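So that you can tell them apart, the chains are marked A, B, C and D in the order they are listed, and the count of residues begins at 1 in each.
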């Protein structure tokens, strides 16, 4: 099952806001996970999937919860900074998709943080199922096949 | 419609956590509003109402959203501090209840912050309705009539 | 002391994200207060003030904490919605500035929520002081006098 | 360098609050990471370390940032649920400590989620250094050697 080509990624930007930092002004590690979810949302929109109908879809009878997440934090970011998140599909399986994230300063190439998030397709009663076909196709990316 | 007597209040405690402050280590004002909601939850439990069946109750066909909130912040609190919240019903109306909150340091009598939150009863289609009788009675407090 | 003219406002947009709602998918009232702060940040940038040097400025010896905040919530917004925030300076005092916020759907004129936030200028040791001159001038707006 | 014995853990409890869930009422995965940090705070207090002087200590010239975090989410938890977090030191290195977390329902033995967080000791200028001796000793646990 083909994934999107490695060189396809979606870039989105976030600003470090009041409330995104720890008491010392450094971005709180939890904030990066929130940004990961936001990056997935933007990625979905970029490939034609509405997040509101993708993370849970009552009509089509599926959900797509995050079942695993990981991040490594390499350099501190601070209140007011703008960050660029590069998001790509790292792996596309029958029943799951793994996103990969890289966080960079708006200007500059030093990696601030990176992470992954795994989402699995489930039925209404929380059992694993195959990814819905339209979701799978969209996640293969514009040139994947 | 009688409210709970002025001297009835519920006290609950919160700890300032990582992520609750601004970049300078002072509690972010938004955090107080989050604590207000938590104080309402604890107040509800204290008078015998499960929050999960009170803020929205599909079976009984009502909701109880917050329609107005206000806080004044008088003194800074910091990461690691423990605060006591004193919560009382300030006013009980046909269709609404107004809670009042006071935040104190765990030790000490100086008011750190105070606030109010107004909740109105609504029907399934978001129109105002009377407070459900069992909710109204519970909010009148242990000695209300 | 003149305030910015009533017809000057700054508009910014926010998207309702995962984690911004209550358990029923409606925007959690606390989220609006977070957006109010974000709207202040964007307002400051729009009038030439860096938020990182305005909410607290160690070199110039002042801070600008939020000492009071209020919001009224009129209509529900939901996950995935885009909102427009119209922010203006409601009042500019010797030692304080009051911002006013209106939240609208991206398309449409029905007010979803409105609010105010009062910020006061303080010294390093948390005593009230006059607004720094450069801050006051910037807040008077492009055509204020 | 010995770690705490495998059977030593600290248990703390959290309640799923308004604002801790996704729009469908299921605990948002990001919330678990926030709870992980809270569990570390409680663990530190349990072994005699004040979090306020442990995550950053200007006088002693060290910091202890989270440099890596991971969680797996196995079963959904919902608004109003109470969870027990079992926290232990998984590994204690010269310059780092890895905490391990398990989330259980208040009643019941089914694992809801588990995770790890790695904290490294750094100097004032963000270079790796050895864990301060008093921190290392406290983290070895009551019977570690």
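By definition in this document, a residue touches a chain if its C-beta (ideal position, glycine included) is under 8 Å from a C-beta of that chain, and two chains touch if they have at least 3 such contacts.
What you see is a predicted model; the values in this text were computed from it and never measured.
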{"item": "Both-way neighbours, i.e. chains that touch chain D and touch chain A", "value": "B, C"}
{"item": "Chain at maximum distance from chain C, centres defined as averaged CA atoms", "value": "D"}
{"item": "Rounded Å distance, chain C centre to chain D centre (Cα mean)", "value": "35"}
{"item": "Centroid spacing, where centroids are CA-atom means, of chain B and chain D in whole angstrom", "value": "29"}
{"item": "Of all residues in chain A, the ones touching two or more other chains", "value": "18-19, 22-24, 30, 34, 37, 55, 78-79"}
{"item": "Touch list for chain C against partner chain D, complex", "value": "18-19, 21-25, 28, 30-31, 78-79"}
{"item": "Footprint of chain A on chain D - complex, ascending", "value": "22-24, 26, 28-30, 33-34, 37, 55-56, 63, 65-74, 76, 117, 126"}
{"item": "Residues of chain A touching chain C in the complex", "value": "17-19, 34, 37-38, 41, 50-52, 55, 78-80"}
